[in-house]
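By letter and in written order, the chains are A, B, C and D; residue numbering begins at 1 in each of them.
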Amino acid sequence: MMIEPEAAPEWKIAQWLNTRMPLSVDALRGKVILAIAFQMLCPGCVSQGLPQAQRARAAFSPDDLAVIGLHTVFEHHAAMMPVSLEAFLHEYRIGFPVGVDQPDGSGGPPLTMRAYEMRGTPTTLLIDRQGRLRTHAFGHLPDLQLGAELATLIGEPPLGSTRPSGEPGSVCTPEGCS
Amino acid sequence: MMIEPEAAPEWKIAQWLNTRMPLSVDALRGKVILAIAFQMLCPGCVSQGLPQAQRARAAFSPDDLAVIGLHTVFEHHAAMMPVSLEAFLHEYRIGFPVGVDQPDGSGGPPLTMRAYEMRGTPTTLLIDRQGRLRTHAFGHLPDLQLGAELATLIGEPPLGSTRPSGEPGSVCTPEGCS
Amino acid sequence: MMIEPEAAPEWKIAQWLNTRMPLSVDALRGKVILAIAFQMLCPGCVSQGLPQAQRARAAFSPDDLAVIGLHTVFEHHAAMMPVSLEAFLHEYRIGFPVGVDQPDGSGGPPLTMRAYEMRGTPTTLLIDRQGRLRTHAFGHLPDLQLGAELATLIGEPPLGSTRPSGEPGSVCTPEGCS
Amino acid sequence: MMIEPEAAPEWKIAQWLNTRMPLSVDALRGKVILAIAFQMLCPGCVSQGLPQAQRARAAFSPDDLAVIGLHTVFEHHAAMMPVSLEAFLHEYRIGFPVGVDQPDGSGGPPLTMRAYEMRGTPTTLLIDRQGRLRTHAFGHLPDLQLGAELATLIGEPPLGSTRPSGEPGSVCTPEGCS
């Protein structure tokens, strides 16, 4: 018996930056999605996760791959408000769409982070052309592996099978960044 | 005729972090000072200027060298308020004292930045044991050169002579970061 | 009309290291081949091409991918004799099979290098499961792109189509290294 | 009681490269000497020790600092003969004088390596203006520390005092490279 990959939970987004219209897993169906969950003050996100997402965006056709940021703030909320995020994206020249993960209203992890049961930031999510979550990695993958997984998903027409992956690098959890 | 190094202008600080009592050029007389002017959302400060200041702090005795940060915000003011700076220092494990440069009240460069006529961030300042500004570099110096300049200043008992220096790396100016 | 990828020319090897039996394009049919042509005294090979080949070897199954080195000496012949190459492979912990490209007998580029019309070192060659040359790049590819190309070739059962590629990094030509 | 720094043992050199006339500790008296002992097939020498020596050579005046390489081959002798070393220096664009440490005639560590009781390569030696060995470090020093030590020695007119130092990086010993 094989475990079928599950549908990727829909994102809960309070506000989008770098895009005129809201995006969703459903609306992007047909493309492969690389979603990078990050916090603007997470060192491993700044030095590794986000630059990798920018490289991936440059390496594949936008017809095949959508690169999306999810700003999943679970600590220092007041320090990373949208006004700060906006300046951050500007200074670091991050051009892909970024959704601000919907706060839970009581200072805990935001809603998308909860729906995906993320352990911290950065988290790398790969969603296939059918909207199914195929890779969920805490940290970032080596470039060789990410390139291979993206090419495999891009090459798939209809149905595929799950391939788990992920080796954390420098990451943040609710216990702090390491 | 030789140009005498000038007294370093006193810093104008709205608020200190990472120190119980306010610091000043005058109060630190007797030690060499490495002051790094930065903005928390300036990529070159995060990747180069601040890590170098941390290395310098680890390489020399605190009896000889005081390492100080100056948060000289001249753009995106609302994005880099003290609450954000505080979280930034925590996440990047920056332990040296940081002074928030006093805003000018009308959205321009803050007062210390003006007094030193800084061109942008990061800016590296070396102040000798007598409180005189000896190096003023836009960007960061190569480690070999910084080590050499600090050792020279630390080795000076009384009077010394100016040695200008500085080669910018990745920096921010009012026109943007490069 | 589409240009069919050509059969990869057979290697002409004077001596193999790191393998008990000689290897050939033909004998490896059924696997994807990553062949890295290098010189042990080419800086770009040492800092980039060879480490990337080692990463690729670790990232994919040996049932799918064969990683091969080709020592294509076209300058300083006396400096890079097999006795030196052997020590080099030992010190740099390069474990994959390396073939010494057959000298031409008159001090020019060796025979395999000529057969592939290589411009210098490193050169990256990707050969598909059917023994056809699919990528021929002077320099090394970005990891993301190499990972994607390897996954695509690995995923192919029978026939495929050419995808050219390649952006040189730090490389050596008969005019010198840059 | 203070331990006086000792006179640096004279080098025993079989052959010099990159210089028209032989060099010696004695002949260089009056300058500070940075001598880097290396092997051309030692990975840590290639990636760290030698580039640092090149940076130091660029950062200080040749009137103050002489940068010298010592090729101290203690393993794979046949692989690192002068003909190979010469090509290595050419390809890596190493322009400072390099002395080939005199073999002992029976395959053991060469004579200069023995005289200095070096543990492996790279080894960093700092010799003051009076020809005294002031720093002997297995591996390479951080740039900040090397810059500081060099500036201190350059700033000394007559007599000084010992300051030991050294933290190994990636190094080779007779047991192998790590």
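List of remarks:
One rule holds for everything that comes next: a residue touches a chain if its C-beta (ideal position, glycine included) is under 8 Å from a C-beta of that chain, and two chains touch if they have at least 3 such contacts.
None of these values were measured; they are calculated from a predicted model.
Distance from subunit B peaks, on a Cα-centroid basis, for C. Here the spacing of subunit B and subunit D, counted between their Cα centres, is 35 Å. With centres taken as mean Cα positions, subunit C sits 49 Å from subunit B. Across the assembly, subunit C contributes no residue in contact with two or more other chains.
Taken pair by pair, the chains that touch are A-B, A-C, B-D, C-D.
Listing the residues of subunit B that touch subunit A in their complex gives 41-43, 46-47, 75-76, 78-80, 83-84, 86-88, 90-92, 172, 177. Interface residues of subunit A facing subunit C in the complex, by the touch rule stated above, are 55-56, 59-60, 142-152, 155.
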